[in-house]
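Here it is, the structure in full.
Naming follows writing order (A, B, C and D), and every chain is counted from residue 1.
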Amino acid sequence: MATTLNDSQYDIRDITLALEGQKRIHWAALDMPVLRQIRDRFVKERPLEGVRISACLHVTTETANLMLTLKDGGADVVLCASNPLSTQDDVAAALVTEDIPVHAVKGEDNDRYYRHIVAAIQHKPHITMDDGADVVSTLHQEYGDLLPGVVGGTEETTTGVIRLRNMAGSGRLAYPVIAVNDARTKHFFDNRYGTGQSTLDGITRATNLLWAGSRVVVCGYGWCGRGVASRAQGMGSHVIVTEVDPITAIEAVMDGFEVMPLIEAAPIADVFITVTGNRDVVDRQHFAAMKNGAIMANSGHFDVEINVHALREMATHVTEVRPMVQECLMPDGRKLYLLAEGRLVNLAAAEGHPASVMDMSFANQALCATHLIKHQGTLTRQVHAVPTVIDEEIGRLKLQAMGVNIDTLTEAQIAYLASWESGT
Amino acid sequence: MATTLNDSQYDIRDITLALEGQKRIHWAALDMPVLRQIRDRFVKERPLEGVRISACLHVTTETANLMLTLKDGGADVVLCASNPLSTQDDVAAALVTEDIPVHAVKGEDNDRYYRHIVAAIQHKPHITMDDGADVVSTLHQEYGDLLPGVVGGTEETTTGVIRLRNMAGSGRLAYPVIAVNDARTKHFFDNRYGTGQSTLDGITRATNLLWAGSRVVVCGYGWCGRGVASRAQGMGSHVIVTEVDPITAIEAVMDGFEVMPLIEAAPIADVFITVTGNRDVVDRQHFAAMKNGAIMANSGHFDVEINVHALREMATHVTEVRPMVQECLMPDGRKLYLLAEGRLVNLAAAEGHPASVMDMSFANQALCATHLIKHQGTLTRQVHAVPTVIDEEIGRLKLQAMGVNIDTLTEAQIAYLASWESGT
Amino acid sequence: MATTLNDSQYDIRDITLALEGQKRIHWAALDMPVLRQIRDRFVKERPLEGVRISACLHVTTETANLMLTLKDGGADVVLCASNPLSTQDDVAAALVTEDIPVHAVKGEDNDRYYRHIVAAIQHKPHITMDDGADVVSTLHQEYGDLLPGVVGGTEETTTGVIRLRNMAGSGRLAYPVIAVNDARTKHFFDNRYGTGQSTLDGITRATNLLWAGSRVVVCGYGWCGRGVASRAQGMGSHVIVTEVDPITAIEAVMDGFEVMPLIEAAPIADVFITVTGNRDVVDRQHFAAMKNGAIMANSGHFDVEINVHALREMATHVTEVRPMVQECLMPDGRKLYLLAEGRLVNLAAAEGHPASVMDMSFANQALCATHLIKHQGTLTRQVHAVPTVIDEEIGRLKLQAMGVNIDTLTEAQIAYLASWESGT
Amino acid sequence: MATTLNDSQYDIRDITLALEGQKRIHWAALDMPVLRQIRDRFVKERPLEGVRISACLHVTTETANLMLTLKDGGADVVLCASNPLSTQDDVAAALVTEDIPVHAVKGEDNDRYYRHIVAAIQHKPHITMDDGADVVSTLHQEYGDLLPGVVGGTEETTTGVIRLRNMAGSGRLAYPVIAVNDARTKHFFDNRYGTGQSTLDGITRATNLLWAGSRVVVCGYGWCGRGVASRAQGMGSHVIVTEVDPITAIEAVMDGFEVMPLIEAAPIADVFITVTGNRDVVDRQHFAAMKNGAIMANSGHFDVEINVHALREMATHVTEVRPMVQECLMPDGRKLYLLAEGRLVNLAAAEGHPASVMDMSFANQALCATHLIKHQGTLTRQVHAVPTVIDEEIGRLKLQAMGVNIDTLTEAQIAYLASWESGT
């Protein structure tokens, strides 16, 4: 497996996995036609020539296709993992053979994880490309001297966008960041259909449980939660939703789900899935109330949603009984099962979102990177929306690639929508 | 049936229907607990004392409960129909016996419809309460002298809000209007679950068709369209969506629906339902392509979505074969069926939205009226959002009335959501 | 409204309703293409020439089309109601103007109901055509002298088939009866999609309740119960199933529904629907436990499923608050609502099953009548299945009429299905 | 890894995999409470003492639990694979360390597969336990001398039951076989929820495709097909069903699916799944018509449903592009993807059915084995139904284990169901 990079430029599991990774990257590319078109244009136009990009993303086959696109656009890219358990080691290897430095090893500990973040930061990025805002946060807290060199950043997730808004709100954000997450072509699809499917997939692979007839608690009814609840219902589960927002809770009820406080759901549910973006959502009192055999999984960005620390403290014994399944023996003899150590189960126990949805998400990433470069110096140090023109262009290309035709407004209809005079 | 009003103060079908109307108004009240609480408070606080309100709404049992609430708040209310076919004559009669002037007769022609609008306007309103913006539009176009007396208005529907935004955009809006439609507690529920259910209900009552196995085209995948598509699927129909927005179209595809141009759906579908807010969505070319027996219904605000005029021109013969069902014999022998003359089928052929969703919508109306009075003179001549505090208060009250409890954020969780420093 | 019958030959509400009935019968005919083809053939072949048929069926537009078909086949038909509340008076009138004697008045009391049954029996039928087995039962118990003249019978419902099997089992059945209910083209469709849709329709018309978010208990998970549960879920309800059969209960759980004893569901549900075919399913202890505002409806054949007698005894006051809605004031102040007096709500409060499903059910009736005549004297005094050839022929014709094409087996495939030798 | 067996007694991949297999078998046992109770009883009662059983089943964790149960019941068990691709090598190893001879290697060729069948036959079984009838078929065709020693057999699948009925029908079946497949506690659950979930799981693992918005063709709408169609719809796919039976086809239409001949679906679908039990369902003309990128998978018992032989002939090149995914390059440049070589994708690419459904299926197997022994010599050489008492007992135990309570009939209700006299 050849690479022009030397050993010190990357940190991965095993470069001999590259061939398997290449095959899978190619397979994913088949379902990423929008990114493909952007890549084809990038090859010709080189809009990112010489731009240093530090990407901190889940190292998956879809991310690999984004990296290759950025590289073909002229960028000088470094990639580090955005989660200790989400890396696909064969993909990491394959990217290294494409001469893209990767710092990511599945199952790395926290120290190594942060060494990888730092490696990406030391690339002195013009653009940061984050999934969860760990690079932007570390950069601001520890590498302030590099901030002036940064043109801008992009952020992939709801969680990251919340962190960034908090930074901007307190005047701490030092450069403009585009909230890729908030694009219609991103969160409507990636967060809903992507998370919905891949979360169930991760839990199925980890446990091979029967969804039909299971009682599944979904904590959080945001875009991700809706996706998960909808898919679990589609698999025949009886879904219970927990929420903290009253209006959202009414939506969940009217969508046909049961809604109750988690402490009431704890003793009756078989599976608990967190997608809240908040910490300690499943906590001591819930562990204490769960029934024997309960399964817990998180699909939110950080591993704080299930209080794993408390669970381990409460348990008298913790054993891995299947890959990604830890059995926690409670003092009263109950056995609770924690999947993927409370990290995002869809990436840790399965392959993450299907390429077809990541196609739109990463098309936004690629085009927002060029937007940042093009508008360098003109954007405020705030969290910015994805430009509508980019969002809509991606929608059009995707629909076309799907082979779906739709209606177009006539002149008379456009005029009607702009009018107010004529009524009943 | 007693009323203190004299004959010239109202125009309704038949006052002897009042008893039936009263019963049904009372029945609806059982499912409107939030409005009930507001009404109880209004009785004590009289926040609308002496305020003249001209309401142009569908004359249903739910609207009647809103009228009684406003009256109990001290308001001097007049009600006219917001659609020629949506009036429930027994409700109109019942309100008159409550001394509320009503101008509304089911099946009234356009002249009478506008005489009723004018009657409402001549009430010299401080507040206009619109459903489709016919009062605000007529007032601006023909009764400009009354504009200075208007404190503000509220608008119930998507269609009306679009008209008002166009007015405001062209600098023509003479007073502030609150877009009740856009409240979370309104459009998430009323437009989706309300329209979804009541549209199918109207079509079922008009036709008694079997939904299972029918091919149903839903034109428009906005909030109303989603509701209709979801309910039709829930009844076993094969649903085809038509759209003009690419991103919305992809959503429809990923929600499992077929998406295609209407002209392609025309020859294969059994039922066509319009919920677009636009005109001539179903037009000559579609009528020409439809199969024998096709059924058309509109659930959008105005009767312009199906080009009824063109349909009648093309037909060699039009007969009413069941109440609310017109058979249009086409020159080639095909028979097409138009429901409710292309007017909103859920109100013309059924009772409109269930009280339980209107509870939230009309709670918004009542509280926005008091907001307009309280903030008289301070609001710009724009379309305003429903104040968040009103929206959320309604959500809380509704959830409580539904007997549903939810979780609340801990201090630590609130702090976490406001932070950005801690990461993986 | 002309008829050759004299007054003593029929008993209906009002013959002047005939025109409205005719229109609606014609409308239903549009969705009954299979029966149409049979009728066309009957006109030519007259297979029932001179056969006296006593039909006891719900007097609906679909039944009317069956009566006209039998008449066109040469039969001498009399029709009486199979339920006191299911008669459509305009349809009864229309049939009389077609010279078919009808004995049926919506809302008739039990005495009149049985006078009507007796009128049908006194027609001295060659064939009885039952829906619930009231004619066959009365005939056996009170008119034994007429039994020798009966060639055979048909039975439309699950309930009736159970009664007949009990009769046959105890050696009491005096002539062969075909269980139309058990045909694949009948119970798969009529009982599931028909009852599912029409039951919700009846409840919606009676109450205009919001299904989304309601807790709906479906008592019984047979074919009818599955239909009701599926449709309620499709409308956004949270569905709870009660059952007495363990295996069926597991199915309900794995279909995603909650399953529990009715007494546990009583205090938490908003709506109770019975489709069990058994008596006193909802009884005193349940009424005592229900929450204020609970709604009860039955869609099973007889009005015994909800113990209406006990409910009225327990209530301190019963009032009709809307058509088909009785408010029962309980001693503790709770108000419980009984729809359609506990009779089948889909026929009492709505129009019954859509014509499209009744098309297949009644095609079975028509063809089974000819089968009985053709095989007169050769069938045992048992409950017989619908001949497969009839069942499949109806399936083929229906599919064709729906415009749906399917695959056909190749010779090689037919051979393969008949073999056993070749394996992996 | 210790075993008392010698090398010649088994043929597996690698005995060092045993530990992993043991863990997974233990994990599956947690979701098999009914089998657990049977096993506990078997330990005490030893109902199969000395009975030689030749089992030909998919070598999965659930099967392992059945084998251990039989062994604990006193049986002398040998297990061979019922499909060349369904073996879990770690499970095979684990069983060998439990001293159960296993003949099964994932990916074995046809010769080795049949050597394994023969090894099982040479065990001289008193009971054959088949999944697809390969043992019973080979035994009858090639080892007729052993037939007199066989007490009886059981059969797990629809396909096997069809083969056996054909054998019995032609007078060739030499001993009684119980059709475990036809038990209510088997085919209602295993074939529907099991196959539904595991088929999608297999395809997801093989491809990571996005189900939402995909067009999925399900060939065959039997119990398995219903499960697959329902789950695909639940994941957001647009499902097209193909059928050969008209009545079943109408059901599919009324369940909301599109139904059409496969040749019409071929050019528009993304995924094709066969569950028909027939051969060459997807054949040359379909391959020729499919669009580029089409994916094909089989979930029927044998690999004959997709004409793999023809596909390979038509392709100019076949490459494995991901594990279990073969890319077939067609002469016109289209690429078609065949999963798991056309063998049952749920077992080849995923873990097969969840333990929770297999619990009931294999409880039937265990109890039917004891039934065969108990009634030795009294059963005819036919295909027999699972005794109702066994079926219902399993249902009761399962429901109990699920923690679900249900209602029970009162005396009055039992009497009512047995009566016929009282009517309306």
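Methods note: a contact is a pair of C-beta atoms (placed from the backbone, for glycine too) under 8 Å apart; a residue touches a chain by one contact, two chains touch by 3 or more.
Just so it is clear, the model here is predicted, and its values are computed rather than measured.
A.B. asks: Would you pick out the chains that touch subunit C and also touch subunit D?
C.D. replies: Shared contacts of subunit C and subunit D: A, B.
A.B. asks: Specify the chain most distant from subunit A by Cα centroid.
C.D. replies: Of all chains, C has its centre farthest from that of subunit A.
A.B. asks: Taking each chain's centre as the mean position of its Cα atoms, how many Å separate subunit A from subunit C?
C.D. replies: Their C-alpha centroids are separated by 53 Å.
A.B. asks: Between subunit A and subunit B, what distance separates the C-alpha centroids? Give it in angstrom.
C.D. replies: Computed from C-alpha means, the inter-chain centre distance equals 39 Å.
A.B. asks: Counting in whole Å, what is the centre-to-centre distance of subunit A and subunit D, each centre being its mean C-alpha position?
C.D. replies: 37
A.B. asks: Enumerate the residues of subunit A that touch no fewer than two other chains.
C.D. replies: Within subunit A, residues 193, 210, 212-213, 233, 236, 250, 253-254, 402 contact more than one other chain.
A.B. asks: Flag every residue of subunit D that touches subunit B in the complex, lowest number first.
C.D. replies: Contacts found on subunit D: 210, 212-213, 233, 236-238, 250, 253-258.
A.B. asks: Going by the contact rule at the top, pick out the subunit B residues touching subunit C in the complex.
C.D. replies: 23-24, 26-28, 30-31, 193-194, 196-197, 201, 204-205, 207-213, 230-231, 233-236, 293, 321-322, 325, 350-351, 354-357, 402
A.B. asks: Once bound in the complex, which stretches of subunit D touch subunit C?
C.D. replies: My answer: residues 82-84, 110, 113, 132-134, 137-138, 141, 162-164, 166-167, 172, 184-185, 188-189, 192-193, 242-247, 249-251, 253-254, 259-262, 264, 277-281, 302-304, 391-392, 395-396, 398-399, 402, 404-410, 412-413, 416-421, 423-424.
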